[in-house]
Amino acid sequence: MIKAGIIGATGYAGGELVRILLGHKNVEIRWYGSKSYIDKKYADVYRNMFQLVEDACLDDNIAELSRQVDVIFTATPQGYLASVLTEEILSRVKVVDLSADYRIKDVSVYEEWYQISHRSPQFIQEAVYGLCEINRDQVKSARLVANPGCYTTCSILTAYPLVKEGLIDADSLIIDAKSGTSGAGRGAKVPNLFCEVNENIKAYGVASHRHTPEIEEQLGYAAGKEIRVSFTPHLVPMNRGILVTEYAVLKKMAQSDGSYAYPSYEQVRAVYDKYYAKEQFIRLLDREVCPETKWVEGSNFTDINFKIDERTGRIVLMGALDNLVKGAAGQAVQNMNLLFGECESEGLTFVPMYP
Amino acid sequence: MIKAGIIGATGYAGGELVRILLGHKNVEIRWYGSKSYIDKKYADVYRNMFQLVEDACLDDNIAELSRQVDVIFTATPQGYLASVLTEEILSRVKVVDLSADYRIKDVSVYEEWYQISHRSPQFIQEAVYGLCEINRDQVKSARLVANPGCYTTCSILTAYPLVKEGLIDADSLIIDAKSGTSGAGRGAKVPNLFCEVNENIKAYGVASHRHTPEIEEQLGYAAGKEIRVSFTPHLVPMNRGILVTEYAVLKKMAQSDGSYAYPSYEQVRAVYDKYYAKEQFIRLLDREVCPETKWVEGSNFTDINFKIDERTGRIVLMGALDNLVKGAAGQAVQNMNLLFGECESEGLTFVPMYP
Amino acid sequence: MIKAGIIGATGYAGGELVRILLGHKNVEIRWYGSKSYIDKKYADVYRNMFQLVEDACLDDNIAELSRQVDVIFTATPQGYLASVLTEEILSRVKVVDLSADYRIKDVSVYEEWYQISHRSPQFIQEAVYGLCEINRDQVKSARLVANPGCYTTCSILTAYPLVKEGLIDADSLIIDAKSGTSGAGRGAKVPNLFCEVNENIKAYGVASHRHTPEIEEQLGYAAGKEIRVSFTPHLVPMNRGILVTEYAVLKKMAQSDGSYAYPSYEQVRAVYDKYYAKEQFIRLLDREVCPETKWVEGSNFTDINFKIDERTGRIVLMGALDNLVKGAAGQAVQNMNLLFGECESEGLTFVPMYP
Amino acid sequence: MIKAGIIGATGYAGGELVRILLGHKNVEIRWYGSKSYIDKKYADVYRNMFQLVEDACLDDNIAELSRQVDVIFTATPQGYLASVLTEEILSRVKVVDLSADYRIKDVSVYEEWYQISHRSPQFIQEAVYGLCEINRDQVKSARLVANPGCYTTCSILTAYPLVKEGLIDADSLIIDAKSGTSGAGRGAKVPNLFCEVNENIKAYGVASHRHTPEIEEQLGYAAGKEIRVSFTPHLVPMNRGILVTEYAVLKKMAQSDGSYAYPSYEQVRAVYDKYYAKEQFIRLLDREVCPETKWVEGSNFTDINFKIDERTGRIVLMGALDNLVKGAAGQAVQNMNLLFGECESEGLTFVPMYP
């Protein structure tokens, strides 16, 4: 039995971790950490857990926690983990960090976009970026996993094969992302009130959202060079779900007759299949079917498809996932499974809920 | 392995049956019946099932189906099952009917409220009303289970202990029910369009909804007499969930000192505990906590609580469930588990999804 | 030109007052009071007002304000107006109070339900309860109008004629009310976050909501005696709208042949017509049509209908209004029109917006 | 008094025309045309109109209608108006067509994208594209106005000044558009059911939506050359509103010191001001403020802003409007005002409703 502790168990991602781990055969949650609700019954914070979780919330003493469990999940504000992580902790437990603290290898980029001084840059290099489908092997032997962001997971997975294989000009990539409101967290802020979000859609963080450098770094590895992308997030009046619509200039390929032409549907599809055909949590949809967030709701799936537009010389890529599952807690558990040699999909075989 | 067939697999209740049965250890779905989508891939009707269900839809030939499976679920329009059910079918398979055809023992009441002539009244008597918490033992040995309606399950479970023990005047019962829109089905009708339902609430079927006689019959058994209740359903702009708010005149009880007084919180609570304390799928909430539909979303739970109002001499009862799970497919699987000697909760231990 | 000042202009009711008054021919808003946003441009708080309102927010100095305007609207927390109102202010301006401070004549009832000590009970008697359709004449000559609550307006208007004419037993009245979320205000609280309200319905304040005594007092005047009602509010995932479903024991009436029987549809309708046929803002719907909140959205209408249920001896009453218009700001302007001899509907002839 | 007739009065755009025209001082609606609801009371189709509209629906006999009114609005399926319009009709009345029949000057482009054969191409040349802010003068003297599409209005207005002045490379333009569901019409189709749209977002019509050639034609006039754009519409779970997010390569401009550099915020803003500063229905938001659909809900405004992204050499443009008002019925009335010499904003000065 893997003993798990969660710091930040009362945010939405933390709550989703609890939901998922309760159904995992080999995990026992030992620590529901929540600075805001210390000593309050967890099921009084999330009443869906009534009679399912009897524990009260504990503090965020990670040193003490590291002596009691095998794995720690941190679903905490930016900078928290960086400020408390020590070699001693890492020598005792595995850590899966749902914050951004160890996602970006260049500490100056992190500090610029997050406007925080990084308190433990010495762990950045060893941290593995936990996008399982791409970094599976490195995750298995890691001590510290930087669990990717929700927008990031969706944005990268949707474009990765085409960037990796050079079918598109990576610098032409424009990512227009739409997110449900749980991505904004459970903090009590006026812009997240029901009446402000309902019947409304808006862009925010235009040309300045913090997930941008994370996408650029990871897709840059795939491209084999530094890249710059446009990324615009939008807030959508729904609880869960991220949809990305990505636009890129399609490169002409040498065809069998020696001429250059845009790749065919089959050629692009073959590239996707090369990377994802065997992936359990990535579904390449049938031709002409556009992903919808509801088809993945509550599950760990990412649904992906594309449309070639020869008129404009562009390709439109689309990806959908549940921001709290594959975009946060589900991927964290997937990483934990890899870390502990569990079946990668254990606890994650939710059938999407519809409607 | 229990072989199961579904007739009406492409309605919302049918889709939920598929979601639940896919996670059941001992069930294999052999027949996705859908008259409207014959030969179409099931996963093209419900794309959440992409790569999870490979089957195409079949017709509704129940005689043929009864030779291939152990249990048939009918999630069909009123009158369908009554028009095709035969002794031969019942001799071969168990049938769990999610329609109303065998819920009401008095066929004239059925025919009056449903405005349909009943085509096989000979099976009404043997059919067991599948409200598991109340009729568990009869279900176990049944051939034909009449799976209760969504409003009905919530309305009855919420009031049952108080009616049974005589704490309230059953004829004073007023049930104000609120339902998510999936209860209206997947038929393409203008009143169910997004723009008509969203940002709107209304009552409908006032003093004439078909679930009324079903509630009256079942609570009448508990009361030991015929009763009449007021029942008003409302359509709420959300996908899932039923909330009932019930009002009844509280009877004064003889107290230990010989006087008559309204029962205390503890006395009412004790009556609920007597019936439900050991029930896995009924959660009696803590004092002063009102049920909310989101706390049970996606799960088989019914959350219940009550508030004594001495000012008016009434008690207010509240119950919440997911109309597609405990109110339809979940309860159907619970009944199937009872019919086949499975653990009653097998396949039904979903943690409610929040948010 | 009537010069108007608003204290509490940045709550939802305050914002709606601005929307309505901007369209009023004879009103000019001189003071946008908002303690939380002093010196901030009003249009930066409500960007729908961009280029429509150029003013910045001012403080809540009511004494100063009373020297600059003809009418003051207070859309403020309970107890505020009571703590600052003086004879001097009332000698200078008319006051329309959207809070509850002067709605209840019996100060002890107010203090018990609101748990506040009333700081200026000397003005309670002269305050006129501003339910225009019922107290029109008194409003015209008032200095201080207590603008009714949103739930209250809908609950009272829906039942008033039947209580007044004795068709129902007023003590049997049960009011099950459903409200959009703007009724909860613009305060940043977790329970009002989008993700908590969306896809959810719940009751709250069961047997203890503060609008109860207000309803009892006003319907008690109609009944000619003290009455007790059950009132249960519910939170619905929509921005605007209140729907009330009311249940009451219908009295048998002496019929023309000397027998006693339940009144017919026509008899009940005639009673409603007696009070409301000439009212511009009350619409008695056609037989069998149930009110829906969306049909009144954005307008000052209250839509009302009823259904006689002889089976149970009860009548079900239904009423719908927009909580921010007829339930708050619209009624406040209607009262202002009466106070200043304007056409009662001036500025209030919005056609409901659909969808 | 302008006498108006509407063909297609029971669709959502038709209903909005009624709402707007009821508030217009100089218009009287004489004909509520609706093939589906002939002889049914209009207020029984849209109950928000109860007691406001007493008329019954009439057929779509445009020849007869043209004898009774001064202006005809057609809110009809593609191809309808083209199949019935005659010189005789146009000689009697003005026609404002909300369908696409006369929007595209090149009939072969129309026929290719709409897959309909155009039945009266002889009127295409004289038809004026009714984007008032751009074609105001031509509209004034027209007989036939092609009222722009909802996506189109928002897409064009947002980019027009920058294309016209050559600040961006028009062929690099990518338009990612998000629409509320009323844009999909009131037809009873499964994909528009509440449960299918709610809690969901998807792209549709990728690289093939019919509004694409309309955008390309109009922006092509501004660019002075043929252009190709990427346009992707998305369905958002809300009733009203369109938001467009547009991406384009920003051109470097010669600066005062002779160097070439990206234009500054002030330079771009000045270009917008040149075209829109005096427009009553276009609001250029303050720097860093992103448009939101709710801020324009129910009004005829288009809110626009932009963000320069030097990192990528792109500019992000954003525009928001209410698809039923500025995107359909509001603009149609604005055109009518121009046609009849009315004040352009008569009947259109709605303050946006919030929340």
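Each chain carries a letter (A, B, C and D) given by its place in the written order, and its residues are counted from 1.
Note that in this section a residue touches a chain if its C-beta (ideal position, glycine included) is under 8 Å from a C-beta of that chain, and two chains touch if they have at least 3 such contacts.
Worth saying up front: this structure is predicted, and the values here are computed from it rather than measured.
Trainee: Of the pairs C-D and A-C, which shows more C-beta pairs in contact?
Mentor: C-D
Trainee: Starting from the Cα centroid of chain B, hunt down the chain whose centroid lies farthest away.
Mentor: D
Trainee: Please work out the Cα centroid separation of chain C and chain D, and write it as a whole number of Å.
Mentor: For chain C versus chain D, the centre distance works out to 37 Å.
Trainee: Nearest whole angstrom, what separates the Cα centre of chain A from the Cα centre of chain C?
Mentor: About 47 Å, centre to centre.
Trainee: Could you list which residues of chain A touch at least two other chains?
Mentor: 12, 182, 195-196, 198-199, 237-240, 292, 294, 297, 355
Trainee: Which chain B residues qualify as touching chain D in the complex?
Mentor: 12, 181-182, 186, 188-190, 192-199, 237-239
Trainee: If we count contacts the way the header does, which residues on chain B are in touch with chain A in the complex?
Mentor: Those in contact with chain A are residues 12, 15, 19, 22-23, 46-52, 182, 199, 239-240, 283, 285-286, 289, 292, 294-299, 303, 349, 351-355.
Trainee: Across the complex, what residues on chain B touch chain C?
Mentor: 174, 176, 178, 180, 195-196, 198-204, 206-207, 228-230, 232, 234, 236-241, 243, 245, 247, 290-294, 297, 307-309, 311-312, 314, 316, 318, 320, 355
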